[in-house]
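Order of writing sets the labels: A, B, C, D and E. Residues in every chain begin at 1.
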């Protein structure tokens, strides 16, 4: 059980725990952001090949000495998507706070049934 | 309290299930299939030294186009949601003297460093995204330092649009010349810079695209920061 | 357990994540989140992914933290009282 | 020549990026520009549609000029060609409706988000690469978050928040699924994955497939995961709700169907499918039951739309070709009917200022054309023979009975009985109850509504040509062997 | 377009045209023409009945096939005739083009059901008919229409499941192929070989078909929609509604016999002298007769009275089908024809009364005979026919039915049938006396007789009632053609069942002779004296205002009191409570599941992940 795998799964689950247990909306968004970081870490650690170096093919590094570049390309996109989602979520929360004057999830329940 | 215990039990079971699944994907084992092709062919097919940049811009350029759109949606969305008739900056305290002088001194260097990152995207690690982010932090620096400073939307939004339009036009030119959307026509058809791999003017249209992405990401993140920091005046809707 | 650096960083990440979730003061939570992002950036460096490390540091740590702080600035800073956080949580 | 189909993606993108520049030139030109872009998009989509259906071969767009497993490819097969056309046409109709329906101020931002929502859905349907599917899913999702919260009212923000939190969790676990699949196979191209699916070791495959479907099911509104949908439909601007229920949900349903069938060689496949059928049936039942005593008509239509989506999901998860083509036909019919009904409800809300049921009393006398549109839509949704949904519902039920799911069919039919009740109550309130002075209806929207009504009745009376198209589209999803053959995979040495 | 397609689609097209051209004069003409086409072609096709006429439309999704044989020509005749009469009457009572569209659509639905040659076409036209007739009732009253629509769609969906199961196993909808497959099944069951359908499945299919056709035929537990639906719609349409649409249920039962009869008989075994599954239908039919008859007697509203009486008459047909012998099936078909004729006539009469007087309850009517002589004559024919007085068709069909039931020595069923005709007579007396004779309320003095279109419609039906009554052999010949063998013997005027003979002509002559003699005595100066209408019978009960039993007000109150215990058990309330319970359950479910908090929604996601984890592990 590799430490990075363990860390990524732990981060994902702590993020999920925050969303499930915490009542403050901003805390939930912190949990969401942590979950996304955990997923990125998982993606990278899946693409890592032990004993190889970064995929910059400068003079010293030959193709069979480099790590898998694809997960790194994917994570580049995933991180920025994570930030975009967080920025959007926060602006929604700002609007929400302006109208509802509360951040407690139990009170944000006007739309139900 | 019961809710927390249930939550912990739930996430433990889910964690155990994911761990069991991950055990079958051993860490550090060479499972590359398409990755191996990229590493072997990156030099002659794209001319970039940094394989990740080549994959990001050239091989999987579509993802990055999507990626830039996501950031564009985020900045437009934030602007749409936080739009008010009259908005002004409500920062009360001016930055300390260290901050203000630091801002004046360091600003050009941070900008320069950001531009350096995305211009050398195809050689050294980092590319359009960190470069753009560094430029955005430069503007953030100004926002924190001065209570009056505001980015002029009249210039930033069209610049953002222009960079986006630029990126899509590069793709369309590729479609026109090479027959495929986002086709690297500089490298594949014209073959400029084939001889000086590893130096600045090489790797086809990767530097052009990364410059456009750098400008776009920079302006967009500054736009988000600007929208977030301003508060509606009391009269504002 | 190949090398202790990985374990150390992984442990740091998990602890700062737990603290980020448990702290009542939202600003502290954001700092915890940024710490997680920073350690992740270092982990990426050790996993031979420099590009991703730079992006994570520049965007993940700096900008999402800044956005969160602006959001807190326009809403409330502290979580409501009856949160019942653990004994080991100060802020 | 066929690579020019990539304009389907490039054009809305170009339009969206061009709008801030256009705003500088003349602020009022934004909405007409939006109509222009959607019009050109419809033209391209129509050209692609008849190109694919005449030659019979799918169009493979290779982004960047690299052959599939290396580069990303767009696979515009029979289904994608059809549904890109549906998306383009619906967006065109909704841009016309946006002129009247959207009054909240930053209209240019609305236009950009509108175009990007259309782009996201088109991308999701035509992409041939799992991670690209994730990116387009995110584009659709984030533009949906922005559009739902666009009205800046408290309720709209609340609805958007719910969608963001649930969508965020869903897409994170989708990424974990992608990581597992990539970890064990090394490739992201769907056709390549389908080819190598049997090599994956069983536990990873089962977990990966489950997580992928979980991620997509959140977007595709399956039973417990669709709690965000009624609020999102209710609070979004009216044209956006119509687009939402017409094709955004369908795109994630298609993606789920595509993922199910490319990983069909996976060992735990049938058990996950049975779970999906149970979820789909629950979606139908809970969706219909919750619409029973709704007094907000828009929310009632939202629940009814969720229920129909559940029915489509059951069709997809049956695992037989007839089931899949029936669910494709139902997607097509449902898109038309729901676009019409949300357009009509939105128009009533714009004219009479609200969608509560008491606003609908005596609508027959006040807005006859809109009332007629809602009535035809409601009657066709109930499943009356001379209208279009009847044929696809019949095919779905027969396919389900063919697959020995008799109890599921009994529950679904019970649910559609419930659906008949609340629609009939609505029809009665509209035509035979209450009075009101006549409201002048805009001729353009009346024309659009009558066009959709005519389409519903034409399909209802003579479904034969549409059914042939649907069968081709259904087999496009179902038989993966043909899919793998169509995609020119480079022989990458495993 | 060959004749079958024209028959089925002419009313639909005419209805659509009438709806589009919304001009008062023209739409009536189009409508009547639309209804006349099927009647005309039905007559024309008489020679080509066994000519194997067929027609198919390929709709891609399904192939709609129609065919003509002796059985569905018989039903086609009933449908076209009574339908044409009802549409003719609709000319004057029709309020707007909405009713023209849906009346004609339901007519084309019915004709489509009769002519269908495969289960899917049968189902599609069944749905069209249900929907169109529902829209006619929705126009007048929401609650009644909703109850009707839900029950009939419940039946339609039951049929759909049965149909789907057959399609899943046999892969075909076509009647002929299903029939052969079922014969093979029957032999397989007989020789204990393995069969395609298991015993449980075939019973399930039988029950589903029973529910589906039971709802439409108004069988006992599922009859609650009929009284409201028949009374809450345009009365001239009610003639077609109860006369023709209920026959589709009867046609369905016969189809059930044709398709799965032998298989179910062998599978479920016999009961006394009939098959077990047949006896269920017969017994429920019997119950329908009793319930329908009793409730009809207790009604104060004319329309409700005839609605209940229509249900009880259908009970006869179901008993006929249930008994299952060739003779009883022919009796059922015969009674189906006569029921359509006299029930159609009755509803047209009610339509005229309502159209002219605007009143519907007994209390405000009376002494209309002088004011509406022609309608009274028609009513007299209808009453004789329903009560089963010899020269008219009602007697012929009832007689054959009684003979059939008794010859199978089924005492319980026989008892029910006899009770039914007795109670039928009772409520007819009330109708005759309360509406036509006695004192006329002052506001009905200037009542005019039936308008021309209704008069013609009533005349047509009355004519058929009389002709087929005098010459039952005409009908017997048709019925024998359906069954292929000589079941009811005798020539044009005589029905010879081997153990009983009925000479219609002779009885007619005796009747005329009797009437002449009675006429002479009456005119010779029998001292007729005027009797005050309020001359009530009290049988020793105190005469109080609410217990004032006149012919017009709660004439059968004592009967209601005796039955008070039984009247509490009403299936109507049962279905209503089920509906209300489901609605409350839905309300609770919705508020519990979609409770608005993002956290609980996130919990749902976690639960699904948990299920995936446990299921997938």
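Please note the rule applied: a contact is a pair of C-beta atoms (placed from the backbone, for glycine too) under 8 Å apart; a residue touches a chain by one contact, two chains touch by 3 or more.
Since the structure is predicted, the reported quantities are computational estimates derived from the model, not experimental observations.
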Quickly list, by label, the chains bordering both subunit A and subunit C. B
Following contacts chain by chain, what is the lowest number of steps it takes to reach subunit C starting at subunit B? 1
So which has more C-beta pairs touching, B-D or A-B? B-D
Quick check for the class: compute each chain's Cα centroid; which one is farthest from the centroid of subunit D? E
Chain centroid nearest the full-protein CA centroid: D
What chain is the most remote from subunit C, judged by the mean position of CA atoms in each chain? E
What whole-Å value do you get for the distance between subunit D and subunit E if each is reduced to the mean of its CA atoms? 45
Rounded to a whole Å, what is the gap between the Cα centroids of subunit A and subunit E? 67
Chain centre separation in whole Å, for subunit E relative to subunit C (CA means): 76
Expressed in whole Å, how far the mean CA point of subunit A lies from that of subunit D is 27
Where in subunit C do residues touch two or more of the other chains? 49-52, 55, 59, 63, 67, 70-71, 74
What positions in subunit D touch 2 or more of the other chains? 131, 135, 138, 142, 145-146, 149, 152, 157, 161-162, 165, 169, 176, 180, 183, 188, 206-207, 230-231, 290
Return the residues of subunit E touching two or more other chains; collapse runs of consecutive numbers into ranges. 590, 594, 596, 598, 602, 606-607, 609, 612, 616
Each pair of chains that touches is included here, namely A-B, A-C, A-D, A-E, B-C, B-D, B-E, D-E
Mind listing the subunit E positions that touch subunit D in their complex? 58-62, 120, 124-125, 127-128, 131, 138-139, 142, 145-146, 149-150, 153-154, 157, 160-161, 164-165, 167-168, 582-583, 585-587, 589-590, 593-594, 596, 598, 600-602, 604-605, 607-609, 611-612, 615-616
Spell out the residues on subunit A that touch subunit C in their complex, using ranges where they run on. 2-4, 6-7, 10-11, 14-15, 17-18, 22-24, 26-27, 29-31, 33-34, 37, 40-41, 44-45, 47-48, 50, 52-56, 67, 71-72, 75-76, 79-80, 82-83, 86-87, 90-91, 93-94, 97, 103-104
Which residues of subunit B touch subunit C in their complex? 1, 50, 52-53, 117, 125-127, 129-130, 133-134, 136-137, 140, 221, 224-225, 228-229, 231
Using the touch rule from the top, collect the residues of subunit E that touch subunit B in their complex. 606-607, 609-610, 612-614, 616-617
Sites on subunit B touched by subunit D in the complex: 17-18, 20-22, 24-25, 31-38, 45, 58-63, 65-67, 69-70, 72-74, 76-77, 79-81, 83, 85, 154, 157-158, 160-162, 164-165, 167-169, 171-172, 174-175, 178-184, 188, 237
